[in-house]
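In this document, chain identifiers A, B, C and D correspond to the written order of the chains, with residue numbering beginning at 1 in each.
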């Protein structure tokens, strides 16, 4: 939809119409007393490429159609996708609980956590071997050694593994272990990485960038979907705002809005948003009650000794009580914690 | 806490110490290899007035003490305030449900809504007679006539009334009707207005400004509390962020954080944040599950005919079902919808 | 412009058209393959009141016309307003330099500053007698006594006075002294206050709220203009963002954008945005080079002793050099520091 | 600096001190009446790893030391770095003007632009062969073919080339042509990519992420510097805020603040921030007057035909006039457009 200035001349209007038609779109003129509108009906990308925002007589250009196609609810006629990951379901009425340490540290820590969270009701195990860190001087993850620990934890607990990929060069190693490949918030618009995991065909948990709009999140998902990989889980993990009283602002409005826009499952990470343990339970309950399809949460047998993000990890001993509360909140939204 | 530059001279350090001591505070020097710190122990306002941020050799000034006193949890040794408003409790385990139209339009609409929301379980009636509108050309509220309609609705339903005050000159008229005086988000830092409602002694529902920090919200409450009025209810109603897929970002992290910082009750307004009906229920459930002390929500017998904000009003006929869901979500957080 | 869902029925489309026509607007239907649009041509407020965002079949509503009329450049056919305030011009090619202390403290400070800034080239004197302070425990201004000091400074220096009004009840006292009434950022949407200064007919300097959009700023100006007061100066003073390395983010893009949207003069306050002296000069030069019509800046004979905001005040002794630099930057944008 | 709660016990204080000392840092206790502080003097990363934010009795943790070292002004004792890139200087009093098309499209367009911007006074040529696009359906750049066009443009014009790298797998090809490797805003925290360009040793132009703090920008630079590559140019290109009247908010306050924090040169990209041509000149003048070390700007011989971002490109024919204005603005800040 092109909005012409009130001072636009007939000539300028005609010129815009010609340019719209030059890319195979249909122009639809609508002249009011105060404003003239030109609807451009056709391929959004082609019209966007015209760059009409700068053309003489043009006030502004208002896109009407959504730019994503494969992620759209319209594709599935309003039905929501249910994924089955190594026997564990997510989506529809199936609530997933993905728990584990921020980072894989030792064999003992990883195995103990895996078994304990499974026993308490978690449906997948999370844990990072490659860690994106703001500081180059901070611990960057155990890498291959960490992946081996995750493989053992998977063998012993039977839980599917969610772990982060940061570099296309590590893809093969990750594919050996991961049931779900996590793309972190900082890499949400790392397009070569998105295309690679799209081609790899493994389920992807895609975290929203810390100041990405929901439309940008869906466009990032589109990069994966476009390669033929239909298994994308979206993850809200807190956005950046002016507030400094806590780390990130968890955007729970994103849950019902994404449910309207896309058929893909939506989970919430309350741990990174909160940055401290005392906020994790209330935020988890809120996310479940708002209709999330799952939660990805950090748990540690001994948070005081954790190498990274200990302050936000739940104590392993508190985890069973936490699961009971989350179940009740999910039930309010009509969801059931999926059994493995 | 004053952080000195690594290049600060002895002279500059001595000068800062002298200035700290000149306002009656104690200076506490702590010299490390890379940085020198000077703790200023005493009245925060006195030290702030020194304006040491600009002084020679000073890197920056980090405030350590909270600037609010009366709103602080420390004042009540961690106990949370329970208010009783015309027989209706809010705070502690008492969940309040404040419902009604955005704006008072007609006698019939107001009375019908009042009785229906009371029957469904609402504990207070909301409704605006004075409306802050972005456009001077928009409907500005019925004023005194609207207040009379609210008085009748109160008589007939028995519900306490929550209504907004925008102008100190309307205070007396508002006091005739209001059990709770609402201060809107745009007036959160209207200090003369805050001082007046503080002096009036009537309970106040104080909405967070759309880009106010939680500390600023508590400082605004402090303006009311300082006048001797202890009955302040804080209200989260959505903050402004970069996201454009919905109207405001409801900041539910504010609930548990405010619970740590202040003894005052905290309610949530999901209607204005969402801007559209379909988001109101999930956000209400999330707010209740996160531990809010109540919800203030818009309901209308015929939203299509509403003069303002119809798209975000719940249908009166859907309200009883809504109340049942909210009760279940509040129960997850250990709260009970308070009976009138 | 109403965008219908792709699933909207004929019935729903007809219903929207009927409602648009029910308020006297004309409906203009445009049916594409993927989307149906209904243009509503008529009074924006009337259409807005319909609240069509929530109606069945409606995807969303995109406003096309600007909601402000009197502030719009269209009103003046692209010409910019030049105001003359007690002999001092602002707007067009006239650059105004409004300088003085944050707050009026003593007779001596005020007079010394007034004379010195005039001698250096300032065109108006700023100074607050009523101060909006985040903390109720902070200094709130000298009030009437401060206004008397400003009156003396005006008599002695010949400079027009810019001072802030916070409360409608202080209007008469302010009118005794002020040549320009400042409305602070926190009061930008204090509508009763805006209407009063509109009726008072005195020039108004309206500061942008710290998270107000430019459209909201222009709507606030519209509240003043609507009362018949055409002398409104807009002021950019920094917006709130996620960045914590300085106080506010000065939005200099606002200058050329406002120049496109409105005929009103635009000035910039670099002092409050920066929060510290070292940033004030570069930001002032940037504002002038970007095409601002003026700057309002804080200057103090002895910032270390200033009661408020000393760290951001320029030293009086540095002010003449500052003025020379600002003149050169304004010249780049084709403006000349207006002589008094 | 660890701030203890007012309710912290002696035991809790002792425990924190022990943990601080356990990582080789020195603990410095400072007990006031209202608050107890524990300074942790030692390696910031070691103390951060303790995760004391969650420990019993701890109110919060306030970092005092900057987390970056190599990027800090302290490293150079306040001196600013001057880089020489293929004979073209940037930094100190040398102002760089990097101009060219958003994306390389054809041989003719690239050569014509290169020669024309050189003749007008540009000091480097910009142009993208690999383009990060929000939509997977949008043009993604010419890749290797584009790099060949840039090589020809360099041979013909003598201008150094600035071009973007998105994928570590393209590094070798980029190194064949690029004098400066651009890292885009979306990849600012793509740590494997940063480390690779660090190791490659070629100058890097690092764009600030659209919601990255200045501290995060400097930490990203630190990833490059840590590999031994000292040639990093920082680039402000607009941040994301709530404002929707233009594309991004150009953060010009970042210029003087970065000048205080780091010795690295700072340039500004007004084109992407603005999103439309009419804002590019005022923003460029503002950036130069604020003290930027250079500007990177988009120019196109025929913006209406540009494949991407045409609306923000300057017309080639207007470029010489633009350069003259920018020179004058840079002169206000004491900088001279560097000759090639």
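To be clear about the criterion, contacts are C-beta pairs under 8 Å (C-beta built on N, C-alpha and C of every residue); 3 or more make two chains touch, one makes a residue touch a chain.
In this text, all values refer to a predicted model and were calculated from it rather than measured experimentally.
Chemist: Looking only at C-beta pairs that count as contacts, which pair of chains has more of them, A-B or B-D?
Modeler: Of A-B and B-D, more C-beta pairs in contact link A-B.
Chemist: Roughly how far is subunit A from subunit D, going centre to centre by Cα mean, in whole Å?
Modeler: Computed value for the inter-centroid distance: 26 Å.
Chemist: With chain centres taken as the means of their Cα atoms, state the distance from subunit B to subunit D in Å.
Modeler: 39
Chemist: Take the average of all CA coordinates in subunit A, do the same for subunit B, and state the distance between these two points in whole angstrom.
Modeler: 31
Chemist: Note the residues in subunit C that touch 2 or more other chains, in rising order.
Modeler: In subunit C, the residues touching two or more other chains are 211, 240-242, 244.
Chemist: Once you've mapped the touching chain pairs, tell me: line, ring, star, complete or other?
Modeler: Contact pattern: complete, every chain touching every other.
Chemist: Mind pulling up the subunit A residues that touch subunit D in the complex?
Modeler: Going by the criterion above, the answer is residues 19, 45, 48-55, 67, 132-140, 166-169, 186-187, 189-192, 195, 210-211, 216, 219, 222-223, 226, 240, 275-277, 303-304, 306-312.
Chemist: In their shared complex, at which residues does subunit D touch subunit B?
Modeler: On the subunit D side, the touching residues are 1, 3, 6, 26, 28, 30, 32-35, 37, 39, 41, 62, 64-65, 74, 211, 240-242, 244.
Chemist: Residues of subunit B touching subunit A in their complex?
Modeler: Those residues of subunit B that touch subunit A are 211, 213-215, 239, 241-246, 249-257, 260-261, 273-274, 278-279, 282-283, 285-291, 325, 328-329, 332-333.
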